[in-house]
Structures are given as C-alpha cells and as structure tokens.
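Chain lettering (A, B, C, D, E, F and G) follows the sequence in which the chains are written, and residue indices restart at 1 in each chain.
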Amino acid sequence: MFENINYLLLREIVSSVLIMLGVAFMLIATIGLLRFPDFYIRMSAITKGATLGLTLILTGMGIYFNEADMLIKVLLIIGFTFITSPVSAHVIGRTAVRNKIPFWDRTNLDEFKDYLHKEHMARDHEKDGKE
Amino acid sequence: MKTVILATAIRILIPIFLLFSVYTLFRGHNHPGGGFIGGLIGSIAFVFHTMTHGPHHTVDTFLKVNLYGYPRQPNQSRSLYLMRMMRVNVWRRRRQALHQDIRTHMVRIEPISIIATGLLLAASSGLPALLTQQPFMTAFWTDFYLPIIGRPGTPILFDIGVYLLVIGIVLKITFVMSEE
Amino acid sequence: MILAILAGLLFAFAAPFLYRWLGKWLYVPMALLPLSIFVYLLTLAPAVLGGNPVSQVQAWTPSLNINLNFYLDGLSLLFALLITGFGTLIMVYAGGYLKGNPLLGRFYLYLTLFMTAMLGLVLSGNLLSVFVFWELTSISSYLLIGFGHEKESSRDAALQAFLVTGLGGLALMGGLILVGIAGETFSVSELLTRGDMVTSHSYYLPALVLVLVGAFTKSAQFPFHFWLPNAMAAPTPVSAYLHSATMVKAGVYLLARLTPVMGGTDYWQYTLLLVGGITTVLGALLAMQHTDLKAILAYTTISALGTLVTMTGIGTGPALQAMVVFLLAHALYKGTLFLVAGNVDHATGTRDLARLNRLGPVMRFTAIAASLAGLSMAGVLPFFGFIGKELVYEAALGASAFQWLLFAVVFFSGMVFVAVALAIGYHIFWRSKGEVTPIEHPDSALLYLPPVVLSFVGLTFGLLPGLLATPLLRRATEAMLGEEQVFELALWHGFNLVLGLSLLTMALGYLAYRFSGRLQQHASRFNRLYLFGPDNLYQLLLKGLITGATKLTATIQNGYLRSYITTIVLTLTGLLSLTLWRNGPTLDLADRVQQLQGIRLYEVVLLLLMISGLVFLFRTRSRLTSIAIMGIIGYSAALLFILFGAPDVAATQLLIETLTVVIFVLILHKLPPFRYLTHAGQRYLYILVSLAFGAMMTYVLLLAKQYPMDSKLKSYFGENSYVLGKGHNIVNVILVDFRAMDTMGEIVVLAVAAIGILALLKLRIQKGGKP
Amino acid sequence: MKTFLLHSISAFVLSYLFFKYLDSGVPYNALTAVAVATSVLFMLWLSSLAYNRTYFRKLPKALNFLLYFLKELIVANLRVAYDILTPRYHMQPIVIALPLTVKTDLEITLLTGFITLTPGSLTIDLSSDRKFLYMHSLYLKNGDVEELKRSIKEGFERRLLELTR
Amino acid sequence: MSIFSVTLIVAMAALSICLVLTAIRFALGPTLPDRITAFDLFVANVIGMVAIYTELTGNADFIDVAIILSLFGFLGSISFAYYLMKSTR
Amino acid sequence: MNHLLLLLPLLIPLYAAILCLFFWRYVKVQQYIAVLAQAGLLVSTFLLLLEVNTNGIATTQIGNWPAPFGITLAADLFSCLMVLTGSIVGMAIHLFSIKGLDRGRQTFGYYPILLLLQLGIGGVCLTGDLFNMFVWFELLLICCFVLIALGGTKPQLEGAIKYVTINLLASGFLLTGIGLVYGITGTLNLAELGLMARAPMTHPSMVTLAGMFFLVAFGTKAAIFPLFFWLPASYHTPPIAISSFIAGLLTKVGMYAMIRLFTLVFIQDKGLMLPLFTVLAGLTMVIGVLGAASQNDFRKILSFHIVSQIGYMLMGLAISTPLALAGSIYFIMHNVLVKTNLFLISGVVAHRHGTYALKKLGSVYLQHPFLSLLFFISAFSLAGIPPFSGFWGKFMLAKAGFEADYFGLVLTSLAVSLLTIFSMTKIWNEVFWKRKPETDPLLEVMTEADLRVNRLLHLPVVFLVVFILFIGVYAEPTVALAQRAAEQLLNSEMYINAVLKR
Amino acid sequence: MELILPFLIGILFAASLYLILHRHFFKLILGLIIFGLANNLFVFVIGRLTRGGSAIIPQEDSVATEPFADPVPQALLLTAIVIGFGIQAFAIVLIKRVYQAFGTNDLDDMNSTDQIEEQEK
C-alpha cells in the first residue's frame, strides 16, 4: 500500500505546514517585539517565539530534503539555538538589570528590590572607581 | 562577565564548536567551508572562554600542556630513553604522572607558535613539488578517500595550515585585547 | 691623461691620511702632483704645437655615449698648463698660508680634487664628461668657499656660489644634451667639424641659451656675477686659484671650445658682446667702489672675464688672439695680486686699503711681486699685460660692429685696471704717507715665493713673447677659429693709435687713482641701486622661495586628514570623468530596464535594510548602536551573497563581521560619547563630495555591467576543479590550489596584522626612547 | 547520564556515517535514521563495560521531560501570541526569587535554560549564594506568587532532578 | 508553480516583513539592550530566510551558512552584553 | 633551477620569518636568522638577475596550472633589478637595526615583519597576476602599518592614522580597479591582459577607465601629486631604521607596479595618459621639492624629497621612450639606495645627537669626518651631481625628454634638481658645517662601547655607499641593464610570450 | 538586481566617504569598514550574478554545469574580505591607542606631524 504514496508530496505538505507555522510564530514574535511595553517583557516573550518558529522552519526543511547531511545540519542548528538562545537571553537580561534598564511600571518587583539595590550600588561604585 | 549559566553553556559548546570546526575544515574542499571558516569557528570557542573567564584562565585551560619527564639513567640507551619518554607523554599519561621519578614540565603553547606552525604547513605544502622538479605548489593527491576528511593531498595540508593560523591569530588577538 | 686624472683623485683622497703622517710637510707631495702633470703635459706639447691634437679614448658609460675621451689641442693645453703650473704654486702657497690649520688635510683634498676636476674639464673630449668635471669643480669650489665653515657668512657664500653655478650647471647639462642631439654626437672632436649641423638645428636656440647660462654663471658674467665677490670668503689660495686664474675661466673655456660648434651666429655674437660688455663695465665700476683688497680684485676679475667674453663674442681672428693673450696675462698678474693680498692679510690681519700703509720695507718680496704684477695689470710696456691690452684694444677697434662702443668699454676697464694696479702695486707698499701698518706675522718663503715666481713669469712672457708663448697661443687660437692663423706676438708695434690710447688709459687711470677717495664718497650714493642688484635679487628670491614654499606646503600638507581624503577622492572622480568625457561609452539604461523584472521582494527589503541602516548610522550617537548597525549591514550583505550563490563568501562575511564586532567590543568600550564635530558648511561640502563619488562609482559599475563578458577562467575552473583539483567546491579549490598564492599572501597578512595588534597594545615606548 | 549522552552522540554519528558512506540499500529517511541510531545505541549499551541498569531507566523520564517541555513551550507560546495579537495586555509581570533545590552547575544551567526558553519567563540572575533564581514572569495567576513558584518547582525542577540524579 | 513553492515564497515575504519590523524596533530602541534583542531576532530571521532559500533553490550547501550564523549570532549577542557590562556608558 | 631561483626571493624571507616567529622570545636568534636570510636573498636575487640577463624572462606557473588560469611568477630584468635593489637595502636595514633600533621594538616581531615586507616586495615584483599583486601590496601595506605604529609613540600614532586611512582607500580603489578589469576582460593574468590590450577591443575606453583606478591607487602608494599627503605626514615618525626601509623602498614598489601596468596593460589611450603623466610628474616634482625647501627637519626634508623624486620616475613613464624608461628604472634603483642611505645617515647623526631638527644639530663635519664623506656622497648623488648615481638617471630622463620634445618637463626637472641641491646643501650647511648650538659635554666623549655601536651603525651606510658609488661612478653595467629592462618593458611581446608560452 | 545593486554600491561608497570625512575617528573606522564592504560588493557584482546556483559542483558530477556562479570573483572576494579584516582589526586597535595617547576623538586635533618646524635664526 505504501507504493501509492507520493513521498515527495507528503514531505512537501508536512514541510509546508511546519514552515507556515514557524513563520507565523516568527511574525507574531516580531509584532510582539514592536508592541510590548518594556525590555524585559519583549525579551522574555519574543526571542523564544522566534526560537520555536525557527525550529519549526528548520524541521520542515529537514523533512523536505530528507538527507543524512541535511538532518545533521538541521539538528545542529536546532541544538545550537536551544543552547544559545536562553543563554544569551539570560546574559542580556542580566546586563540590562545592571544597566538600570527600567521595568514596566506595572511590574511587581517586591522580591527583587534588595537585589536591584545591591546591584546598582555595586555598579555605581564601579563607575566611580573608573572615573 | 562571570555567570554560572554562561560558563556552563560554553563548557558544553566548546567541544561541539571544535568538532564542528574540524568538520568544516575538511568538508571545505567539497562543500562550503575550508581552513579559514573552520579556523574561525574553532577559535570562537576560545573567544567565548576568554570573554567569560579572562585570557589567563583560557591559557591555563587550553594552552598549557604538562610534559612528563625524568632524568636519563646512566647506562640507558638514548633511543630507549626517547621511547620511554614518548610513552610517558603520549599514553598512560595520568598513571605515569604519579610515578615518583617523574617530573612535570609545564609547557605553554604560544599562539604565535600556532601561527608559525600554520604558516609553515601552508608554505611547506608547496615544497614536495619542488623536490620533484615541478612548479611550486603543484598538488599531490592520494588515491584513497578517508571518511570525513576526504581525499588527502597537499592542498588539504595547505588548508590545515590556514586553519591553524587563523586559530592562532584569533587567540592572540583576543588574549591581547581582553587583557586591555 | 686618464692616469693624470686618476692620480689626482688618488692624491686628493689620500691627502687627509697623508696629513696625519706628514703634518705641515703635506704640501710637498701635493705640489709634486701638479708639477709632474705639468711636466707630463709638456712632453705632449711638441705634438700639439706641431698641429696634431692628442686624443685618448677611455670607455666609461658607452651605453649612454658618455666616455672619458681626452682631447688635447692648443686650447686645452693652454688651460691645462695654466691649471697645473698655477696649481703647483698654489699648493706650495697653501702650505704656508694654512700652516697649523687642523683641517689642512681636507683642504688639500678639496683643492686637489678641484685641480683634477679642472684638468679633466679642459682635457675632456666628450661634452658630457666636460659636464661631469664642470660639476665637480662646482662641488669642490663649494667645499673650498665654505672652508671656514663655522662662520655663517662662509656657509652662505658657499651656498650662493653653489646655487648659482649649480643653476648654470643644470642649464649647461640641458644645453649640452641638446647640442649632442643636434650634432648627433657628444664627442668634441667630431662636433668641431659639425658646427653647421648644430647651428642649423631647431634645437640650436634653446641649446645656446642653456649653454650660455652655464658659461655665464661659471664665469661670473652679468647678471650672475654677484657670487664671485662673496666667494672671497674662501681662503686666499682658493681665491687666487679658483676665482681668478682657473675656475671662473671654465666658462670662457667652454665658450672658446664651442666657438667652432655654436659660434658665428648673430645670436651668439650679440649675446656675448652684450653680456661681456656690461660685465666689463660693471666689474670695473664696482671695483672702484670698494676698499677691500680681495673685493677689488674680485671685481676687476669680473671685468676681465667680461672682456674675455667680449673678445670671444667678436670672434674675429685678432679678437680671439687677444682673448688668449689677455687670458694668460690676466691669470698671471691677477693670481699674483691675489696671493699678495693674501700675504698682506696674513701679515696684518686686514685687507682694507685705507688701513694699509708702507708695507714695502717690511714685506720686501711680496712688495716686489705686487709691483711687477701691478705693472703688468696696468699694461706698462715690457710686461705681458701690455701686449694683452694692446691686442684687446686692436680687437675692439677691429670688430665688425659697434667698434667704438666696444672700445669705450675696454678702455674704461683698462683705466680702472690702472687705478687698481696703482692702489695695490704702489699705494699700500711704497707710498710714504701714513703710519706703518703693524705686522702680526712675518713673511715666510712659502708665502712670497709663489707670487714672486708668477710675477716674473709675467715679465718673462712680456720680454720674450715670441719665444715662449707664441706657439701655444697660436694653436689655442686656431682651435677656436678652426683654421690656420698667422700669429705674431711682439712687444713693440711702433707708435700707432693703439699705443696712444694705451698711454691715455694710463694717464686717466692715474687720475682715477688720485681721486679715488673722492669718487668713493660719491659712490655711496649709488648704494640704493644695489637694492635692485642681482645679489639682493638672489637674497629676495631665496627668501621668497622659502616663504612661498612654506606657505604652499602649509596649505597643501595642512594636517587635516579630511582634506587629504577629499583631494584624493576628487582626483579619482575627476580622472574618471575625464576619461568618460573624452571617449567613454555612454550608459544605455533603456535597453536594460528588463533586468528589473526578476527582482524579488526579499532582495528589495534587504537593500532597504542596508540603506536605512546607513541612514541610522549617521544619526546615532551611541557607539554600541553603530556597531550593531554595522553588524546588521554586514549580515545583510552576507545574505546578499547567499542569494547570489556565494555561500563561502557569505560564511566568511558573517564570521568576519561578527569577529569585527567582537574586536570593537573588546577594544572600544571606555571611550567618550559621540560628538558632532564638523559644522554645517563643511557637512554640505562633504555631502556633495560623497554624492559625486558615489554617483561616479555607480555609473562606472553600470557601465561595466553593460558589457557582460564570458570569463574563460570560470569555464576552466568549472571543468577542472574536480577533475584536476579534486574538489567539488570550486571556490575552495581556487583558494587552496588554483590561486593558492593569493591565500598564502592573505594568511601572511593576517599574521602580520596579529603581530601588529599585539605590538600596538603591548609595546609602549615612552618619549625619550632612542630615535 | 554522561555515558548516555556520549553514546547517543556516537550513535547519531555512526548512523550518519552509515547512510553517508555505506551503500546498504536502506532508503534514507528520518525514521530509518532514528531506527539505525537506536540500534547502534543499544549495541553500544551492550558492549559498554560500565553497563548499568539506570541507563535505560532514565529514558522514559527524559522523554517525559521533553514532552512536558514541548507542551509548556507551545502553550506558553500560544498564550503570548494571544497577548500579542489582542489589543489589550493581559499580563501581570513580576520578578520572583525562586528557591532552588538543584545544586550543580549543569543542573542550574539546564533549569534556567528551560525556564528561559519558555515564553513568558526569563531568568535574570542567580543569587550569589546560589540558593535563589531571580526570574521574570509575565503571567501571575490570581496574584499568587507561591503558586507560580510551585508550578515551576513541581514542573521543571522535579523532572530535571529525576533525570540527573 | 506548486503549492509548496508558493508556500516558500509567502514564507520568504513574511520573513522579509519580520526583518523590517525588527529593524523598526531596532531604530526605536529605546535602550541598548532593546537593540541587542532586535539584533538577536534579526539573526534568527536571517537564519530562517537562509533555510527557506535553501529549499527554494534546492541547493543544500546554503544551509551551512545558517549553521555558522547560528553560532556567530550568539557570539554577537554575548559581545554586546560584554560591552554593556564593561562600558561605563 | 629556474623555478627555484624565481621562488627563492619569496621563500627565503617567508621561511626566515616563520623561523623568527618560532623564536619569538629570542631576539638574538631572530637577528641571526634575519641577517642570514638577507644574505641569502641578496645572493639569490643576484643569481636571478644573472639568469634572466642571460636566458631571458623567467617564468613559473604556481601549482602547475597553465598560464591565464593559475598564478604566474615572471621575472624580467625590471623585476629582477627591483628585487635585487630591495634585498641590498634590506640587508643594510637589518644590519642597522641590530644596534640602531631599541630593544623594545625588536622584541615585538620587528624582524619577522621586516622579512615579510621583503616577501611582499618580492611578490609584487615577481608576480604576473593582477590580483596576486594586490595581495602582495596589501602585505606591504599591513607591514608598513605595523612598522610605522611600532612602539606607539604619539607622533607615530598620528602618522599611522593618516597612513592607514589613505592607503586603505587606495587599496580599495585598487581592488575596485581589479574587479573592473576582470569584469571587462575576464582575466587577471598580466600577460593575457597585455595581449588583450594589443588586440582590437570592443570597448577600449573601459580599460582606460579601469586604468584610472590603478593610476589613483598606485599613484597614492607611490606618492605622486596630489595623492602623496600620507607620506610627509608619517614617514618621519617611526624610528629611523623603519623610516629608512619604508621611505627608501615602498613608494618605488608602487612606481614599479605603475610602470609595469601602464606599459603592459593600460596602453589604449596614450593620448590621454601621457599628457596626464606629464602634468602629474611635473607637479609631483615641484610640489615635493618645494615642500622639502620649506622644512627644517633632517628627516622631513628627506621625506618630501621622496615625493619630488617620484616625479622623475613618473617622468620616464610620461615620455615612454626606451631611454626614458631606462632612466626611470635607473632612477628607481638609485633612489632606493640613496634615499635609504640618507635616512640611515640621519639616524646615525640622531643616534649621537638625539634630534633631527636642523637648528639643534651641528658640528658633525668636525666630529665625524667619515660620516660626512658618506653623507656627502649620498646627498650629492641624490642631487644628481655627476659622477654620482643621480646624475645618470637625470641625464637619461633629460636626454629622452629632449629627444621626445618634452621641453617643459625637462626644464622643470632641471629646476627641481637645483632645488634638490639647495636642500642637500642646506642640510650639509646646518648639520655638518654649522657649530652645534648647545653642546652636551657628555656627547663629546665617546666610550669604547659607543665606538663599537657607532662602527656597527656605519657598517650598513658604508655597504650602501659602495653600491651607490658602483652604480654611479661605474654606471655602465647598471645603465646597460636598465636599458635592456626598458626594452623588455616596451617590447611587451617578450613578456607575453614568455608567460603564455606562445 | 543587476540594475539596482550598482545603486546600492554607489550609496555605500558615498556613505562611507561621508563617514570618513566626519572628523570623529570612530566614524572614520566605520566609514573604512563600509568602504571595504562597498569594494567587495563592487567586485562581487561585476561578474554575472546568478540566483540560486552556487559555485559548487554537485557531489555526483565531476564538471560544473551552467548555470553556476562565477567562482573567480568569489575567490577574490574571499581573499579581499580576509585581508580587509586583518587591516580593519589593526585599524580599530590603532584608533583605540590613538585615543589613549591623545585623549581626543577629533581627527582635526591630530595635525602635529605635518607642522613645519620654525626656521632657525
């Protein structure tokens, strides 16, 4: 029964669906990037959307090509993205806090006040030392 | 810029980067890639490490090699001694290191030496041709393929030279700059 | 003859070493050199006097036809004997004059060098080797004038002499080349027979102008005469040797030498007459104005040189005869007088005519020499100078045009010579009025012997003209005239017009001497004229040149990088426009609009992204933002590379871009924030320049793309990359095999860059390090 | 765990080589590739000297974790997407200090990684005594901070710990 | 023109729009970390575009560039963070 | 053998540099390696010259790829003379550096970079490929960047900024030009390009257009007017060993490339090019020499004179007769040797007196008679006083100019020559003759060690003077070589046939 | 694109020059980098542009078949990019050192080496 299946068409369809999904996530993420009110929200909401979108696109592509080489590359990219994107988000977020990038005024910062205070003090001190 | 998370991620990434860079290097003759691109990929691993831990730590981690050695016995033949030293340094390193006669010598690999080695390899890839009275850099190829590496030949040697050189250069530049 | 030259060079460069060894006795070997050459030349003399010029050929630079040909005929023999004979005496004299000077070795070096050069100049049978030696005389003269190098005046005088003669030298070089081109040879002996070829060539006039400038500067002709009096800063032996007897006559020699080649035309004749005449009068006038012994002598020398040039200009047989006779006579008495002046200076420490009195008794031998030479200079009967003057008067009267004017000129000069001769030969030694000038250093044999010898030679030539001088002078004249010549020198021509005029000269000269004091008082009124004189002109020119150059340089090399870059870019744009405007192909866009069809949305977006990135780059003041924009632009470019089938390039571009970002980040934190530095006006200018440049590049690219070509390389690489290069990735095969040499260079560049960065960051030499 | 990872990677590489260089006649697709990799993995396990029983016991846990993560990822993504596409903001951002049970570097890194990868949450920093994780979250249900903390501790952290210990 | 290629073209267009939107955020800022985030997203976008272009042309070699991009995009972000940490401004 | 001789000028410096890199920390070892390599280079380039002189143009195809496809190395007499001159000067500089350069700089890769600079010169002069030439030029460029900034003193950095910026622009134009040439002709091989230039083309003016890029690019590197600004701004800033090398050689390499390309490839529109060159040559001479006249610093005077003398070399190209080109070639060789030597002498003087300012210097004539002699020879060689070397070049150019009716240009060159004399005598008067204004008693006495250093510093100067005297006083062999080289340049068929093996 | 890219390149050239002419040395370096990019694109565009096809021979073939991209400009470009990178890196570091040494980022402040020494006397 499998002889009747057009594998290419099947792959194309699966690939198309995945790609469209991925692109949709990307697009949404990008719109979010424009819309959301503060840096942290944009950061936490968006970059990850892109990660998912990208993953979907790549998977779609891998399925379409259906080659060992391609698969390994796709997995490599996905792997890299999954390792790197949270790390960079974390690092940038941390840097932002240290650079006193303000939070949205509706953000609940109760548990964070001490930390913020300490960090900013340290940062100011560092600055004074440099000047 | 020390964060546990970044440091750990990079620890995981470094071997992948290095593997991938070697892969890119050898693929280069048939696919996009090659010595230069491979070298740069390989060197980012170290750039990351330097950015998170500082250059000294990177040097300590990657560029210091312990060589083991012990004085030659009075009536030990030179070749035997050399054999022994090689064995000590190449395999069974750990176990031999604990032996009481053995002394360690810390050898620092200078990025400059990596650069020089790269240049040497690249330049010397053209020399075999001269020995056979052919123009400089005339390529010699083997008749067989190796997996991943492909067909070995002097141009591949050239590419390896480029690879090493690029790694050496990026290392050197990064070290010097981050010491600033 | 090459041996003589080589020996000269050898002795010259040996002098400083010999000095260490011989000390004050250095003059002995140095005087023996010219003496032996003198003797050697005498052995060649019979042949030359027999009418057979001696010629020797020594290859030097045959590829350029510059050879050391030696050509010894009457003219060169006359000069050569003068140079060596005089040289011998000067060498001896200098030994006495500069005794104890620690730089004596170098002095002899320069002097011998000069003598050799002079010898080479007159012996050369190749125009260009003439020039070579000519320049050598200029250099050695420069070194000799600047011998008292710690005095600024000496240095300036040396510089002035060198610049003026250097100017002449360069002109001469041009002139001689032109003569060579016109005559199709540089060989003197060949040129002597090709006078017509040269004078009828279209290069004749420029060649003449250039050659004359050369000769006039060297021989201190108006308006280049001013360097000669200043050159009196040199030690007296130098003044005597170079600036009266030999070097200044190089110009005259050259004119004489070239008379058969270039002479005979109206241009030649009138220029020489005009310049020579002016110089004669001017030199005489100026001589009357001065009281410094050496200055007076210098100006009379100028006057005499003017006379020589005038004679050459007249160009008739008698005139040329007069020229050689006067030349020899002048050399003899003027050399003597210079040495006398040197002795006086040496003994009393002053050269001011007014302060020198009654030296005769204390400086007996010097005084005798002075008087004898003075008599010769004044043209008194049994002396050689008399014959010279007679001949000059005759020649002037026998000229084909302007006879009386020319005569007036030489007459005036003769009158002044009488006055000067009286002043030096009589006034300072024998006049009974005034206090005796105190003597600091007594006369010594080395000092008085040479002038005495010289003055007696002058007397001997005068008494026995036919015996000694005639054959030589005859051949010399023939060399200039190019034909056989009757030549009889006699002391007594009987009572004729010329003798009368000669006597008149003496009478008037005496009057001029008597009233010289009063004349000099009036002379000061003319001082303001000097402001327009060539000496001042030279100073102004020099100063103007330096100020002008400074201003120009400060404008061009103003230190502002932006103006340099603007200039360079505008130059490129200009040159491109020039090419296009001349016969460039025109752009035909209409045909190519269809190329727009295949355009894709994402490509356009990419382009827009890059352009808006650029715009944003202008506006932002944040460094990090700029860096990020650079990243975005770079990544977009990489994407572009991918879109057009260059994955390797794209990958490299990406890696490089990122690495650049890393370097930026590592190195450029801790810098101050941006400021806008250019102001509005400048900015508009720069926008214009930038737009012009960008538009030009676009235009060029569009043009280039109008003619798509099919690359032979592309198909070759496509076919052979795998078959021969064993790789599917053609780009990589090109990089590591087809064009591995490029990659080799590239990685070396990288290595150097890395070393450079290392050195820049690690090595900091503070001020005070070694230069 | 380490051995497992190593084995998985080698299995992966070997399967790649299998398809790339051995013309075995087996048609390539993702499923056959996974099958080959799995069988290689199994063979490796058998031939492994340090063979132990936790080796495959953790596999379902890993799968569980993965599925949980994918679910969270998609759910959170959809939630954020909804927020983006609707005109009003539904979010109530908060920064919390999450008390940690995980200890080792790897565990902390993985935890923060997964938290950060989920849309709507972002780890900002680890406290210097490594006891708290400061975390930015977009959606606080009913203003209940403790509930949020617990959901993460019960969700990601527990599953992670099961896997690593 | 198959549905698949239409999909790809549409996807490409959508990603181009994403690119423009990201650029707008980049221009708006307002803070440096915002720009870095935008840059991050830009890189992800480009990777996506490369992937789709690979499919569009069927030339598997292009995807290699995407791998490199994914590695180096990370390096970029880390560098920017590094810069922010080090610089006083 | 042929292959090897052609390669040695590249391989020797390259391998020596690699060795030096391995011995990074051992400056002494680097010195030995460098000097030995220089000696080897000297011998090999001399042998190459002999070989080419007897057997004609030598070529080798790198990688054994046939001519228009691979990269060709080709040595005609002009290139041989260039590399030979380069290695002579290199030898002198290496010898000088041992004592004439501070230790600090020597430890930071000075020798390898110097050697790689040699490699670059060899590459530019021997390559037969346009793009390859670009690569070697870039190598020269980066080496110069590094050398000029080496040590990082304030003036150095300032000079380096200008040097780097302007030369980067020039390199960019060069690359653009190469792109254009490839875009029009589809080849990069010089011989092939020469062949195409001689065949009827569809759009010759496009090639001329590309030629303009090369004119500006190489013109900048050669420092012709109005592109020379970087030179006076930077050449006097680094230590003298570095200045001497760069100043002596680098602009001439630019000139080499210009002569090579504008006699071989860009020959379509002589009606435009030759007048252009004439104007540029005249302006370069005049502006350069006026700049020199305005300066009061030993090295700055020399720097501006570089510009002025580039004008003479360009003059040969403008006249473009065999004699004129021979003049240019001879002039290049002469100028490289003499200019380097003058810089070195200024260094020896400054080593003793610690300054280059004319007003602070003096009394060298009394204190160092031998050095004075050496300077005298070099300075008056530069000024073109016969029988020293400058004269021959000037003579050839002037004669060629007159023969081709370039009266204005020749007269300009003669006038400029007078100003050169002026500058040289100015230096002589101020530095050598004048009494030194403030004398430091410490400088009066030379210790034994000072004497030894001093002797070592004199060594390279004497070495160069020997060559200067050789090509000047016994000019015949050099002139003959230059003439043959010029013939080869003008009969491009020889070069084309040799490379393309037709 | 063959028609549009030249305009982009022209704009890049113009922009780079404009940046270089700013007196600020950070802009100078930015300008130089863009200038390099413009040059590279110039070389790239001068060949015939091929969409999609790269200069890689398919693994199963041994000879490249049209349409494939012209590999020569690509290879040249690669070399040029790498060289450009080396030089740019050096230039960036140089700028940094200049700032450290002079404490200014105004290029106009750096005109001392062109100053003519005063005349003696």
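One rule holds in what follows: contacts are C-beta pairs under 8 Å (C-beta built on N, C-alpha and C of every residue); 3 or more make two chains touch, one makes a residue touch a chain.
None of these values were measured; they are calculated from a predicted model.
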Centre-most chain [mean C-alpha coordinates]: F
Centre-to-centre distance between chain F and chain B (centres being mean Cα positions), rounded to whole Å: 39
Where chain E and chain G are represented by their mean Cα positions, the distance between them in whole Å: 23
Chain centre separation (chain A, chain C; CA means) in Å: 78
Where chain A and chain D are represented by their mean Cα positions, the distance between them in whole Å: 15
Residues of chain E touching at least two other chains: 15, 17, 32, 36, 59, 61-62, 64-65, 67-68, 71-73, 75, 78-82, 84-85, 88
Junction residues of chain C - those touching two or more other chains: 546, 550, 553-554, 557, 559, 561, 565, 569, 643, 645, 647-648, 651-652, 655-656, 659, 662-664, 666-667, 670, 697, 704-705, 711, 713-714, 717, 728-729, 735, 737-743, 745-746, 748-758, 760-762
Multi-chain contact sites of chain F, meaning residues that touch two or more partners: 14, 17, 21, 62-63, 131, 135, 138, 142, 145-146, 149, 152, 154, 161-162, 165, 169, 176, 180, 182-183, 188, 232-233, 294-295
Touching pairs among all chains present in the structure: A-B, A-D, A-E, B-C, B-D, B-E, B-F, B-G, C-E, C-F, C-G, E-G, F-G
Chain B residues touching chain F - in the complex, by the definition given at the top: 110, 112-113, 115-116, 119-120, 123, 126, 129-130, 133-139
Chain B to chain D touching residues, read off their complex: 3-5, 7-9, 147
Contact set on chain B toward chain C in their complex: 28-37, 40-41, 47, 112, 115, 118-119, 122-123, 125-126, 137, 139, 141, 151, 153, 155-156, 158-159, 161-162, 165-166, 168-170, 172-174, 176-180
Touch list for chain B against partner chain G, complex: 30-32, 36, 173, 177, 180
Chain F-facing residues of chain C, complex: 16, 59-64, 66, 106, 128, 131-132, 135-136, 138-139, 142, 146, 149-150, 152, 155, 158-159, 162-163, 166-167, 170-171, 173-174, 177-178, 180-181, 203, 206, 545-546, 548-550, 552-554, 556-557, 559, 561, 564-565, 567-569, 571-572, 575-576, 578-580, 582-585, 697, 700, 703-705, 707, 709-714, 716-717, 737-742, 745-746, 748-749, 751-753, 755-756, 758-760, 762-767, 769-771
